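So that you can tell them apart, the chains are marked A, B and C in the order they are listed, and the count of residues begins at 1 in each.
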Amino acid sequence: MDFGPHLMLASLEGAVISAILVLTAMGLSLVFGVMRVVNVAHGEFFMLGAVLAWVVSTTLGGHPAIGFIGALIVAPVLVGCIAAGVDRFVLKRVNYDADRTIVATIGVLYIIQQSTLMLYGPEARPVQPPFNTRLSLPWFEFGENGFAMIWPWGLSITSYKLFVIFAAAAVLVALWLLLTRTRIGLIMRATQQDSDTAQAFGVPVGKVYSWVFGLGAGLAALGAVLVVPIQQAHYLMGGDPLLLAFIVVIIGGLGSLPGTVIAALLIGMSDGIISVFFSPTLAKIIATFLVAMVLVFRPQGLLGRAET
Amino acid sequence: MAAVNVLEAKGLTKIYGGVEANVDVDLHLDQGKITALIGPNGAGKSTFVGMISGRIAPTRGTVYFKGRDISQLPAHKRMQLGMAYTFQITSIFPGLSVYDNVALAAGLRLAHDKQAHDAKVHAVLDRIGLDDRADQTAGDLSYGHQRVLEIAMGLAQEPEVFILDEPTQGLSETEVDAFIALMKSIAGETTILLIEHNMRVVAALADHVTVLDQGRVLASGTFAEIHANDAVQAAYLGSTPHA
Amino acid sequence: MMASRKPLALHLGILALLLVLFFVLPAYHVGAFSRIMVLAIYAMGYNLLFGYTGLLSLGHAMFFAAGMYGFGLTTNLTGFSVIPAFASAMLAAGLLALGVGYLALRTAGVAFMIVTLMFAQTVYLIILYFGTYTRGDEGFVVQQAQRQLAGIDLTTETARYFTAFILFSVCFLAMAKLVQMPFGKRLIAIRENEERARMLGYDVANLKLRAMVISGVFSGVAGASYALLFGYVGASFAGVQYSIFPLLWVLLGGAGTTIGPLIGVIFMFYLIDISSGWTNAYMLVAGIVLVLLTLFAPQGIVGTLRKRGVAWLP
């Protein structure tokens, strides 16, 4: 394959990574934005989503699509409820104190991860995609006869991966509508602005926090359900998404949702592209180090604006 | 003896976004004298002393300490030169004992000499009347005692310039009297800049009064002069005709 | 004066107890305690930064690893003997802490936690990247021939216990002294009220950096001791889990206390040891303990005892 088609393939892979990442990172960012806490267990909610997707699809059986649709509904809701429970019984009791929340969610991380190990086991298990046609992609070349459309060997994507990209976009639009066009969104934004004042105006801040924490976790789980037909479900799979989501949220500006989307696209695309051309470890080293430096020198994020 | 300028601020200005907290404020402190800085809430008094002490970076302006430009020095360096600062909102080490609070304040100068250090801490606690509470956890003290402790910490620093931001706020009348006596006893050696709302304290202590209003110096002079000043009356004293 | 004698007596008593344990414990537990003492050095280093200075790092494994690899790689690649290898391990950890501290200390709170986490992750990935030398996740063995000091073979159970004991004692007493000194008091002042400390004239940034470097060197000593005494160097010791452990130990034992780190390590070690007997998900215990601690006993064991009447506990 030439460089051009190769780059296009890498970009498509990057778009798939971005799609998953944007959902996971949105969840983290939403929680940070509204509740001002960092949820270290976020990656485990992702992992739970993937594992539950496997559980649901194997329980339902039949055509892969049945299991997949079941998982799409059950996993995010269940994970959201678990997260709301964590909020109720843990975070609320430490008063959302920033430091203690981090320590507590580290504890939650191990509890979820290790319980999964006990109940689900150490195996990585695949989930069948509901559909998986390989679609060849055309490439344009400027040859002797002007533009010509060719079909390079190996330049293709599966219908499922395309679906992931569109599904993530659809969820994003729905989320955006929820936040900007509904009463729920208004209440969430009011709480984000000033929780004390919101409380004084009758907003049930405690409930809003539980919902937001549940919604954040649910988004991660949804991302995981989408990814699990591509990547297998494993009890340790939460680490990478957590780190990447952190990176995205930091680059995008802590708690800024538009920043998160842009950063997820940036990171996901470059991750996809870089890992096709370079050693993934080196890429990760550079990315991790640079993100730390961003936090040191531009704590408001690369895309955020400094507060005055 | 001609008054010696220990501390001088020239053209100090702080603008927060659009809010002019301080605009071209000039002020100088005479050696060993007590200067009171008064003005309504939000006038910019705390902002001004914050810029002098180095806690707040000014938008522009200069601060001189004994003739030296200290505008570029960070807060801790200014304190090391011989300033002390008490916060408007009580700021102590709540988890440490009263003794340790004062010991930390005295420790910058005396930590190398255990005996002198210990003696100093006890002397200060004795003077301020907290000696019998030396072992109590500072955070458990009553509000009034915490304020007194913070003043004690300032004393323990043996400052040349002592800046106090509303030290008598929330103190009882007897505590206020004790405070006045304390300030009188250290004035002379120590140059004092006092932000104060209680006119009784200002009348009793201030050699010089500067009035700040909406970030600008409105008037400056002795207490009697200030008291007679119509503009000040209108802006600030108007509603408090006692004193 | 009585008040300051009691802690000293307690510290010496603990050391005497550790000495006696060697003669009374069964072999398995003697081995366990060698490990516990080494890990307690790590916990003490962490405690200086977290417990005393109030800075919560989520990346201390990088300093432990700097010590471990600093020791392991110098012995393996340059053939240094124990003492110079140990010194280079301490140097590596100290320099890393200096660099990381210089950068990370510009941030505070949550940002400091994430920055330290990211730096540690970078170090971990670097170890994996240079797999040719470090052998990555698999790790490498420090040969018996290189674990000899003044004619003593440090690989025997007895030599190992006593080396760990000596290293622990030195660190333990040094740390107890350090936090009693004006320097230690100033760190506590920063933890209690940073702005106040600054306005008393203390150079807070410099104090924090020094705390970070000392903390890093202690962690490095622990890492080097681990490589020396147990002969294994591996990337897992640089992973996130080994950054979480010292936090867990210190929280459990009691942050900002001299004996808390040791107590925390002992408890956690045996909790995990026992639970790994009946499940491979032994980190479940760590998670549950972390959550319970934050919810019900943020002061840890020693902190809670202190509150319940044993106020003199150091």
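What we mean here is this: a residue touches a chain if its C-beta (ideal position, glycine included) is under 8 Å from a C-beta of that chain, and two chains touch if they have at least 3 such contacts.
A quick note: this is a predicted structure, and the numbers were derived from the prediction, not measured.
For chain pairs B-C and A-C, the one joined by more C-beta pairs in contact is A-C.
Distance from each chain's C-alpha mean to the overall C-alpha mean is smallest for C.
With every chain reduced to the mean of its CA atoms, the largest distance from chain B is reached by A.
Per-chain CA centroids place chain A at a distance of 52 Å from chain B. Chain C has its Cα centroid 43 Å from the Cα centroid of chain B.
With centres defined as mean CA coordinates, chain C is found 34 Å away from chain A.
Residues 56, 58, 103-104, 106-107, 109-111, 113-115, 118-119, 121-122, 125-126, 128-129, 240, 244, 247, 251, 279-284, 286-295, 298 of chain C are the ones that touch chain A when the two sit in their complex. The part of chain B that touches chain C in the complex is made up of residues 53, 55, 75-77, 79-80, 85, 87, 91-96, 100, 103-105, 107-108, 111, 153, 157.
Those residues of chain C lying in contact with chain B across their complex are 182, 185-186, 188-189, 192-193, 195-204. Contacts from chain A toward chain C in the complex involve residues 38, 90, 93-94, 98-100, 102-104, 106-115, 117-118, 122, 239, 243, 246, 250, 279, 281-282, 284-285, 288-289, 291-293, 295-297, 299.
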